[in-house]
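My questions will all concern the structure given below.
For clarity, chains are labelled A, B, C, D, E and F in written order, and residue numbers in each chain start from 1.
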Amino acid sequence: MNENRVLRIGIPKGSLTDSTVDLFSRAGFALNVSRRGYYPSIDDPELECIMFRAQEMSRYVEDGVLDAGLTGYDWIRENGSDVHQVCELSYSKATSRPARWVLAVPIESKAQAIEDLDGGVVATELVNVTRQYFEERGLNVKTEFSWGTTEVKARLVDGIVELTETGSSLLANNLRIIDEILSSTPRFIANRQAYDDPWKREKIESLAVLLRGASEARAKVGLKLNVARRNLKKVLKILPAELSPTISSLADEHFVAVEVILEAVVERKIVPELQRAGASGIIVYPLNKVIP
Amino acid sequence: MNENRVLRIGIPKGSLTDSTVDLFSRAGFALNVSRRGYYPSIDDPELECIMFRAQEMSRYVEDGVLDAGLTGYDWIRENGSDVHQVCELSYSKATSRPARWVLAVPIESKAQAIEDLDGGVVATELVNVTRQYFEERGLNVKTEFSWGTTEVKARLVDGIVELTETGSSLLANNLRIIDEILSSTPRFIANRQAYDDPWKREKIESLAVLLRGASEARAKVGLKLNVARRNLKKVLKILPAELSPTISSLADEHFVAVEVILEAVVERKIVPELQRAGASGIIVYPLNKVIP
Amino acid sequence: MNENRVLRIGIPKGSLTDSTVDLFSRAGFALNVSRRGYYPSIDDPELECIMFRAQEMSRYVEDGVLDAGLTGYDWIRENGSDVHQVCELSYSKATSRPARWVLAVPIESKAQAIEDLDGGVVATELVNVTRQYFEERGLNVKTEFSWGTTEVKARLVDGIVELTETGSSLLANNLRIIDEILSSTPRFIANRQAYDDPWKREKIESLAVLLRGASEARAKVGLKLNVARRNLKKVLKILPAELSPTISSLADEHFVAVEVILEAVVERKIVPELQRAGASGIIVYPLNKVIP
Amino acid sequence: MNENRVLRIGIPKGSLTDSTVDLFSRAGFALNVSRRGYYPSIDDPELECIMFRAQEMSRYVEDGVLDAGLTGYDWIRENGSDVHQVCELSYSKATSRPARWVLAVPIESKAQAIEDLDGGVVATELVNVTRQYFEERGLNVKTEFSWGTTEVKARLVDGIVELTETGSSLLANNLRIIDEILSSTPRFIANRQAYDDPWKREKIESLAVLLRGASEARAKVGLKLNVARRNLKKVLKILPAELSPTISSLADEHFVAVEVILEAVVERKIVPELQRAGASGIIVYPLNKVIP
Amino acid sequence: MNENRVLRIGIPKGSLTDSTVDLFSRAGFALNVSRRGYYPSIDDPELECIMFRAQEMSRYVEDGVLDAGLTGYDWIRENGSDVHQVCELSYSKATSRPARWVLAVPIESKAQAIEDLDGGVVATELVNVTRQYFEERGLNVKTEFSWGTTEVKARLVDGIVELTETGSSLLANNLRIIDEILSSTPRFIANRQAYDDPWKREKIESLAVLLRGASEARAKVGLKLNVARRNLKKVLKILPAELSPTISSLADEHFVAVEVILEAVVERKIVPELQRAGASGIIVYPLNKVIP
Amino acid sequence: MNENRVLRIGIPKGSLTDSTVDLFSRAGFALNVSRRGYYPSIDDPELECIMFRAQEMSRYVEDGVLDAGLTGYDWIRENGSDVHQVCELSYSKATSRPARWVLAVPIESKAQAIEDLDGGVVATELVNVTRQYFEERGLNVKTEFSWGTTEVKARLVDGIVELTETGSSLLANNLRIIDEILSSTPRFIANRQAYDDPWKREKIESLAVLLRGASEARAKVGLKLNVARRNLKKVLKILPAELSPTISSLADEHFVAVEVILEAVVERKIVPELQRAGASGIIVYPLNKVIP
């Protein structure tokens, strides 16, 4: 009897909380995070949620305090945690690019390559990864833990290793990137013992399917159009080759309806072309989940 | 001529405001609540909105200040208001379970059953319902009105009657539930005279159809998939029996498209099974309104 | 080679920011506005965004600091800017009515018509348009620039010219409208030189298609229903005449599926009628974009 | 041995919290209220603090849950609580006038005197006091409890009874005062049994001295000046007769220093006169406590 | 009879509001500004307060809407208002230096002197003063009104004229100061007619004395010490020459008490010296008002 | 020439920022911290301020990035920093007790003594001090770094080491203290080289005198009273023996004025006794600085 079994999962506390709630909502779960609570409720009695900072999540998954959790690849590496990485997730359209940890120096610094930091001091929140990075390159760089607002410290030490998505906050602080240390994406991870338990593994895998489907859906849209049969070929040629559109007959036999799921960045490119090719009644609609 | 007729409805002020705006939006209305206004605008000249606390809504509907309003069953009972209950509404996925008013005592209290509170004092916001509850059971319990943060008072008096959805805030305050006093869901209510006026009744009933449709849609999703005709039976068997999926033919005659509306909690269970049964191109999309 | 070409567009800072982000999201772009940044990121390397107040946007488009931008017709007029108006946009369901700049006086004022303000003082943020308005009517009214909270000043001077959408904030301040000065809707505007550059013009026009499609979609929904062939006519008659619904055959040949895109305000009216005409399985779903 | 004895006092939660903390600080206590805590810490081991709404404070003092507490005379009356009123306190310069509960109607109402409300409905938070007020006058007025924002309801019922300090929020809502129902000031109250216990009574009385001294000091200032002996009489005549200034000799025997404690509203009046009378080096300084 | 006479004064709305309330409090008035109100209450029936932005204050004083008001010299100049400047006020220790409007360019700009901006565009909130500045120097610079966040525009036009107190926000935006346009301090101003009315003039002058006294007191402290008569000379020599300390005899005839009012910036310098010169029991206390 | 010399000091960022600004203000400095700035301005050209988290302050002082700084003893120890501790400071009345880092376990835990944690896991922000603590006692306890909200983790690991001032937040989380690990107070620290530089040392020492004087003054008040000469002895006996009150003669020779500086906690005790002993005109006033 599995009715009373429960999977304990870690929800990231902080800047990722809102998009995690949204991800679970698309996946079909009502995850309810109160502002000061650490035990969000969820409408699945087989799940129990606890909030942790992304920075420490993998340690609690490794220790077995959690069966599974969501965190970033960067912090798994920083903690050196031995966990099973179930799948990668892309969290939002805005951050679908991987986050990058970069080594940066003040614009006016003489350092042009990482070798120029030899003998210097670097501040970062990602201490272990950074130390390893310099050691592997045979460089003697003192790496100090920075409690937040690292970019402000770039002028007080020799350089910093900081997270950047677009590079714009580095620019705003007049910093220059010298190298990329680590590229990171969100991950759904599991404790190794938990993953060996058949019931837990199935629960983890189902959750992975739903979360991945929800994650995929963020960057995609549904597109529907009507087109005269004689123009169908032209229209189909505009659609990316790898897609298999659903073509359905309409009451008016001269026309068919074409429906396809595609990347939003593609959709916004081809819509004008489709119009020119004779498509009409084009609509684009949002998706909760896409499972190919 | 009905052109100048207006239905006056009460919108709940407070924690329900945001989800009410969302409910009206799905129902097809742009309800616009400014942060300090008490007269939200709405894009239907036949509607006039006024905000009241859910606690006092039913009194103003009973008195005829309002023709109709949204509030909870608990406060209708507390006020003992004589109003017409047009329909029940479920407000959100997260709170689709009814809210429960429970009698709770400190974990360390000796009270195990309600009889143990005889001669004691209980604090609550729901004074009348609580008094009646004890009276019906022949118990002599002094019931005092509590101005908020009732759970903090549990250790100062003998027990409290407090609202709970998941029981987690009771737990956080180390309280133990002894009994459930009342279970409550949101209601759309109408003034009895207003409901006897033909024009108002029709307006109220139309609104009820739209609000219920919107309310239903919150817990549901649309699911679409393609499947080879030979696998259709297998796929249909996975879908809950009571659903009647829309099956449409595709250009490729070996395949059909299946579309169905179902509960999100069901959908998240069967998606992996559908995949295994040969379904492809599964997408899940959100709904504004569902009218069966 | 156009790969490195960039179009610089102005995003309105202030009350329109959130709905602009939403508009771009529906249009298919991830526009990312950080709370204090003036250079929002966007996932299209051919676009570069800068934030300006709607009030000054058209001046920077005219000067060529920006190639294009989003602002209101009122501020284009106020600045007297010579720009190309690419298209009109409706920003949200709640504000799909044009915003109106009205001349208002205290309820108790003796002024009944604009002539009664001759020789008086009027406060407004829209100084130039207001001055021109009075001059054209041969009236001598001193028009003073008001730094915000103009409605409070109505009792200190003789009248104000203020923006209103529903008239409710005027009412709350006990003001009475005497005349409408200007009606305004959001506009997508372009610098004249930029619009003459073929690459920029194409980029601007594509953006216009997507933004207009997204803007249209806000007030519209998709509606789908099943109906027996014998009832089809009845159902079709209920739908607004100008719509061309997509009718598709179902597996059960006695039934067809009808799908149509229509205004939300229409949909909420006809849903009960459709039900009475024999339609079943009615669902309403949200749209990102509608291109007729 | 009294070392382990403790007096339990109630601190008002809500709009009075900040000024209560300030009052205790002037009185010499570090009262530390965390944002969500209900048990503020205080640097006196003989005191234990609990937070309650002013509205319910007197009930908990009467019941003995608290030994003493700070609340308003209005809520003592509303609850009909049998408590010992230790002393009156004035809470701040800004609110040194008593708060008034007034019966108000819309400006445009026909009601001119309270008799005109006979047979009508009045909304208020102060239900019991209001009911008694109408009963004593032989008027049949239905008095309904209002959950906040009472002034908005004035146009939905016949009148309201609402708290006002300056009358300005009534004005902003276009209401007109018909009568004053109750005038109220803050009170330090004690449970009757607690007050009969000698140790508690002494503790309560000491606290009362300190709180009153701190409360007095808010509206007062210290004033110091130098004056030639020959002008002393003139200067003394300007000072309010009932004050006994401290006159001290200076090194320069022709001059004396005059120091006096007086009301801030008096001080601001006489400072220019003192200057004209020959006083120099006038300084005004703040006070924590004044015990005459 | 002057009892019903009222002086109408303008209180600056915005960043100066809090320090104005503090200034009035030190001056002896309880000025009570609610968050959304425009008519703050004050505990002097002869005063009536209205809030305006500092930017427009002088215009309403000039027009007679207000009898007097507090604003900055910069905005009096910008509006070209003909008002009586009653006195200068320094608002706080932190901002006791005058605010400076400076012409700034990006660090990397080629412009080194104001002549280099000839033919260019400058953005500023202080349009009129800036125009006049360039005209007086015979330079042709287009001066555009900037709606806030001017420093962000420095790279979009040729330069900006912006307010700075410490220069640090210019630095943070990598701007370089080329010239100072205007130096400004807060002023208490009066309408010319109002100032000619004897009752109003006396009220204005009294207010000026109190506000100036309060304003002076912010940068000053009281210092008291005991010293043996034989060391008195040494101690007195350390005190700034222009001060006349109050020396009073003590019970112990060998000692005297010295009391003096002095600038905080001086006090913090000489305290260690006083200690070395034999002073003991040194205390420093805050002041509400200082009238020399 | 020292005119251009500058001392660089670190200001703690976070919960201590407000009280540090207040401390500097009492000390005589206008320290101006903008919400997002890291370089607060100060009205002393010989000082330059930078903000750091208290947790990392001592590292930057040790490295010489800063000449001096304010932080807690706990973080000096945690970082193992070799710095000169100039003086101890007490930061506020409310927190004049040292902060304590305690080892705590859930109330229901079996652990009663630290030995019971042998072999277990402990979460804390103070990793190094905690590790050393267990090592010195020969216990094998895995100490993990906790990113905030440590008290929530107490039930996930075996125990926590957390900061507490009153023990109340531990209580709220149902934790029990097993031992005190470290007691900590704020410190003013200096870099060793900087302290060897004569100019910097003098600047640091002067600052220390002022900050200590300001720090002392928080817990103290000035008390002044008048008393008849014949009662003087009685009054003096009530005052703590170690104080030397300033007694000054009054114009009325039968009376003297007594003035004394004393602890607020003492003052609130003796005020009633002084009254009984014949003292009159008792006033208590706040102090900025006390240098004995």
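Please note the rule applied: a residue touches a chain if its C-beta (ideal position, glycine included) is under 8 Å from a C-beta of that chain, and two chains touch if they have at least 3 such contacts.
Source: prediction; values computed, not measured.
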Minimum number of chain-to-chain touching steps separating chain B from chain E
2
So the chain most remote from chain B by C-alpha centre is E
Compute the centre of every chain as the mean of its C-alpha atoms, then state which one is farthest from the centre of chain F.
C
Give me the C-alpha superposition rotation for chain E onto chain F, in degrees, nearest 5.
120
Taking all residue numbers at the chain D to chain E contact, is the shared part over half or under half, that is, same or different?
different
Centroid distance [mean C-alpha coordinates] between chain E and chain C, Å:
44
Can you check how far apart chain A and chain D are, centre to centre, with Cα atoms defining each centre and the answer in Å?
56
Listed in rising order, chain B residues that touch 2 or more other chains are 248-249, 285-286
Chains touching one another, given as label pairs in label order
A-B, A-C, A-F, B-C, B-D, C-E, D-E, D-F, E-F
Quick one: which bits of chain B touch chain C in the complex? Just the residue numbers, please.
25-30, 32, 37, 39, 41, 43-44, 206, 209-210, 213, 217, 222, 244, 246-249, 256, 261, 285-292
Please give the residue numbers of chain B that touch chain A in the complex, ascending.
92-94, 96, 165-166, 168, 172, 221, 226, 248-252, 257, 264-265, 267-268, 271-272, 275, 280-286
Chain A partner, complex, touching residues on chain F are 13, 38, 50, 53, 55-56, 59-60, 63, 65, 121, 144-149, 152, 156-157
